[in-house]
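Next come two complexes built around subunit A: one with subunit B, the other with subunit C.
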Partner chain A sequence: MKRRITQLHPFTVLCLAVFTVAVATAASVWWLSCAVIVMCLAIGAVAGKARKLAALSGAIMLPTLLSLLMIHGLASRDSSPVIAAWGPISLTRGGAEVAMMLALRTAVLVVVGLLCGLLIDKHQLVAAIDLSPAPPQAGYLLASTLFLLPQMMEKQHAIGEAQALRKAGTGRGLAGWLQRLRLRAVPLVLSSVQDAHDRSVHLAARGFPARGEHSRLRQVADSQIQRGVRWVALLCSVLVPAAILVPFGGAA
Partner chain B sequence: MMDMEHRAPVESTSALHLRLGSFRYADADHDTLRAIELELSPGSLTVISGDSGSGKSTFGGVLAGMLPRQGADSCEGTFILAGQRIDYSPEHSPRIDVAGWARHLGLLPQDAGLYLSRIRQTVAEELVFARENEGMPRKEMTELITEFSTRLSLEHLLERDPSKLSGGQERLVALTALSAANPSIIVLDEPLAGLDSTATATVTAMITRLRAAGTALVVLTRTTEAWEAEAETLLTLADGTLRPATRTARTAASSSKPSGFAAAAASEKPLLAFAGVQLGYKGASAPVISDLDLEVRAGECVGLAGANGTGKTTLLKAAAGLLKPIAGKLRVTAESGMLLQNPSDQLFERTVTREIAFGLPKKGLQRARVPRILEQLGLASCAQTHPYELPASARRLVALATVLVREPRLLLLDEPTEALDPAGLQILNEVIDSVLERGGAVLFSSHDERFIARTAHRVHRMPRQ
Partner chain C sequence: MSPNLLLPEASAAQLLRRRVLGAAGTLLLVGTYLFLVITQPTGIVEGLGQGVALATFAAYLIAAVLLLLAVLPDLPVSALTLIPVALALNIILGQFVGSVMVPLYLDSIGTVLVGFLAGRRAGAATGVLSTLIWSLFAPTVLPFAAGAALVGFLAGTAARYGALRRPYLAPIAGLVAGVLVGVVSSPVAAFVYGGTSGVGTGAVVAAFRSMGDSLLSAVTKQALISDPGDKAIVFLIAALLVFALPKRLSGSFEFIRRYKVLGKSGNK
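Then we have the complex of A and B:
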């Protein structure tokens, strides 16, 4: 099962994600949103990424939820019953409901997005785009954005090692962290620029980005069923929200 | 390949004919190259030697069409490559299509890691990267990979991440990728640096094969020794121009073995002790080194020898505290300093002086030592230069200076002789002697058996996995 999920074509994962977010947002009912989130966590668990998914979503959603409660819950001026009050500020039931609803909507987007990020292999995604009829520049752009961060992390690790060899930036705790940040920032930027420059001429010499026909050694498994699923998912992510949102019959 | 106006078919049997009047870097005050004439015929091997800083890498860049940079450097000369004529003049340098040029002439840079794309996950993909961009069908690419990886004994690396290779493995992979692109002329900048004896033999064999298939090869190197038997043309680059080289007996080894500290040291407590140590990297399937027992005592100079990828760098990094052992006991009882295998990984400041003074307390003994270190390593004249603009030999000495300024008692050197010129080698020997005299110890890795025999009291051979 785990292999099935992680070996899905990246485009299939993306199409299903678009479909899920579109329907859940359009429907905007709490149980559907909750069901989607639970399902995502379950898929994450099967793929062995549950802990990472939960941690990342938590890190994004907690501050979001708090700020939504502050904006809608506390400042709400409706006449619904008060749940809790601290002096002049009070949390009303209506306000809390609005905040929860908005938070759930955001949560669906966040959890589905993160799950996509965890399920899709960067290299597979780039290969899928290279193998698709998209222009070669698309794969080039995506590759340079996706791999920029890991490359910079590697670079900053190398600089960190070089500095550690000179006993600089080895402090502990927050102060040490800040010191490392200060010491590494400038060399990181300068050497990343230098590195990109040095590599770019060899990339160009090796014909990258390709100007015409190009191929990939890497295979991205696909199937008739997955192609079908993608089309249906994309179609439904337009039709279902339209059906929900466009009033039929009744209102003029 | 270039602007239409500069395109003119020329009949010629040679793969390349070059007449270079002059080449000057953008803000330099003299020509780096001048009055060079070179003709390459298919299947030939041309070896160009020259001291560090003589302009070999610049010449490589010019051959590969990467220099002059448009609108910056100035160049005067004429190329005839693959039947096309390209004219450079100080007023006008034609726009070069680097990819089109590289199909005829490929260059392996001195820092071979730069050749790797860093956007492919496995070595196998890296090997056919250029072919992918040409649109070669998958089946042919698979055959190509099998052919080349067998020829260069790279099979065990095919599924590895190209960014996590040892120095020698990286060079070998880059070299293979370049040959797999199959240009008709291949220019190699120091192709044997950091390769073990097996890899050296495989690369030499492959060069013979490529020549038999009609590829013209140019090797840029500091010492011609390894090439004299094979090469049909031996040239030296000096004062910016090419001259025929005389086949010389190699310069005699200048240095003697460090004097007999080792015997006296036997009783001393070890400065560095590995006991049953296991070392490895996160995410790798097996540890790189297991059951390592090694002691280095004060006054001792120990050499590390072993094939590419057997863990010499890994061992040294652990000794320097950059890598924690997975198991076993590692004890370091003295201040250590380490010279990394690739000096570019060690240098990040804007001038040589700043680089050496980095991280030293503003006022203090160590900072006062900076001018003396510069003097000692022969770097006084480039104190204000950007380390990146220095020739390879000087760059390695700068990296060495950043270590020495702290006067470590335990000096760790990873391939210190790579890229060093004779003067640099002399300095390195003096540095090692002075550390030993101070009562310190030296542990170094090298592929240069002669240097090991000359310098080390004792050799630790890394077991092959």
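Then we have the complex of A and C:
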């Protein structure tokens, strides 16, 4: 089961995610949103990523929920009963319900999006973009960023250690923080821009971006069924929300 | 960097296709923004609310992707190799700033840097790509792709018209860019998410709401407080980083040479 999930074509996973988010947002009923979140956690558990998914989702959703409670719960202008009051500030039932509904709507996007990020293999995604009709530059940019990120993180860490070793940027307060930012950012940016410049010379010499058919070492498993699922999912992402939201035949 | 001599030039049909894609993206973005601001749909949770949220999300995201597809094939290789560095810088410097509880985002330094060095098209592409890649780790940023594109576009425009010829002009350009970006991004925060995702910014929106403002008005005022200051600092930092680059390196970008971005002394 785990192998089947992780071996899906990256675009199939993304299309199913678009469909799920579109339908759950259009329906905006609490039980459907909760069902989607539980289903995602279950899929995450099967893929062995449930703990990471829950932690990442919680880190994004907790401040969002607090923010929505402040905006709609505390600053609500409706006349529903007061749940709690702290001096001049009060939390109304109607306001809390609005905040919870909006938080659930956002939670569906967050959990589904993060699950996609955890399930999709980055190498497969790059290969799938390269094999698609998208401009060849798109695959290069995604691949390059995903592989440069850990390298630059390491470089930034090494620069920080080197500056600490020569006892530079040890000041406190805002001035010390600004000095640390400068001492890390300047060498990092200078060396990275130099590297990018060197790379551009080599890439241009090799005739990048390559046009036309070319062979790829990594192939992405795909099937007629998956292609069909993608089209149906995309079509339903438009039709199902339209059927839910547009009042047909005097339903309004 | 001179254009590649071995590859065929883009055909007229390809150029037309890119122009159509760019125009469609811009029209979609402007049309959605004007529709939201003029109609100010109410009831963000029930009825029309879900439709508005979905339509805003989809329109802003599709507009950003169309603009990216229009711009990407035109970018020179020197800009293409710089963009991944900028995306990584956005994430690394954004995380470094976020780790010390300073009330700033500073997560668009890389985007502005590309705008300054490689022009507004490259800057806009960096903004969209930065959001798309960052959404793998934080999906809520996805509909803000158009706002991020605007940051890069405005950075390139500011550099083209001389914002880097005097150090004090860069933060002024950042202030102006912050106002525009705040205004364009606030409908997404208001109609897609019903507010903001940060506790501090949420408190500011709640304060404006309790004073009787509509949600869109409160979110826009909060954005006008946060964004101009943030972008002014980002533009200043990016400008200082460009000034710190060796002239041999900054001068290797055609945009810098063509528009005399760093003034006469910077183009030697």
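One rule holds in what follows: the second predicted complex is superposed on the first by the 213 of 252 C-alpha atoms of A that agree within 3 Å, B and C clash if a C-alpha of one lies under 4 Å from a C-alpha of the other, contacts with A are read in each partner's own complex, and residues count from 1 in each chain.
Convention: a residue touches a chain if its C-beta (ideal position, glycine included) is under 8 Å from a C-beta of that chain, and two chains touch if they have at least 3 such contacts.
Keep in mind it's a predicted model, so treat the numbers as computed, not measured.
J.: Go through the superposed model and pick first if A:87 touches only subunit B, second if only subunit C, both, or neither.
T.: After superposing on A, A:87 lies clear of both subunit B and subunit C.
J.: Who does A:133 touch here: subunit B (first), subunit C (second), both, or neither?
T.: neither
J.: Could you look at A:207 and tell me whether it touches subunit B, subunit C, both or neither (first, second, both, neither)?
T.: Touch partners of A:207: subunit B and subunit C.
J.: Touch test for A:102: subunit B only (first), subunit C only (second), both, or neither?
T.: second
J.: Is A:153 contacted by the first partner subunit B, the second partner subunit C, both or neither?
T.: A:153: touches subunit C, not subunit B.
J.: Now for A:218: first (subunit B), second (subunit C), both, or neither, which partner does it touch?
T.: So A:218 only meets subunit B here.
J.: Of the two partner chains, subunit B (first) and subunit C (second), which one does A:173 touch, if any: first, second, both, or neither?
T.: It touches nothing on subunit B or subunit C.
J.: Quick one: subunit B or subunit C, who's touching more of subunit A?
T.: On the superposition, C touches more of the residues of subunit A.
J.: With the two structures laid over each other on chain A, which partner does A:241 touch: subunit B (first), subunit C (second), both, or neither?
T.: second
J.: State whether A:163 touches subunit B only (first), subunit C only (second), both chains, or neither.
T.: first
J.: Shared contact residues on subunit A for subunit B and subunit C?
T.: Comparing the two interfaces on subunit A, one with subunit B and one with subunit C, the shared residues are 144, 190, 194, 199, 201, 203-204, 207-209, 211.
J.: Show which residues of subunit C lie in contact with subunit A when the two form their complex.
T.: 1, 4, 6-8, 44-46, 48-51, 53-54, 57, 68-69, 72-73, 75, 77-78, 80-85, 87-89, 91-93, 96-97, 100, 102, 109, 113, 117, 129, 133, 135-140, 142, 193-199, 201-203, 205-207, 209-210, 215, 218, 237, 241, 244-246, 249, 252
J.: Please output the residues of subunit B touching subunit A within their complex, sorted ascending.
T.: Listed in rising order, the residues are 64, 66, 98-99, 101-103, 106-107, 109, 111, 114-115, 117-121, 124-125, 128-138, 141-142, 145, 163, 181, 317, 320-322, 337-338, 340, 345-349, 358-359, 388, 402-403, 406.
J.: Please name which positions on subunit A make contact with subunit C in the complex.
T.: 22, 25-28, 56, 60, 63-64, 66-68, 70-72, 74-75, 98-99, 101-102, 105-106, 109-110, 112-114, 116-117, 134-135, 137-138, 140-142, 144-146, 148-149, 152-153, 156, 177, 181, 184-186, 188-190, 192-197, 199-201, 203-204, 207-209, 211, 241, 244-245
J.: In their complex, what parts of subunit A are in touch with subunit B?
T.: 123, 126, 130, 143-144, 147, 151, 154, 158-159, 161-168, 187, 190-191, 194, 198-199, 201-219
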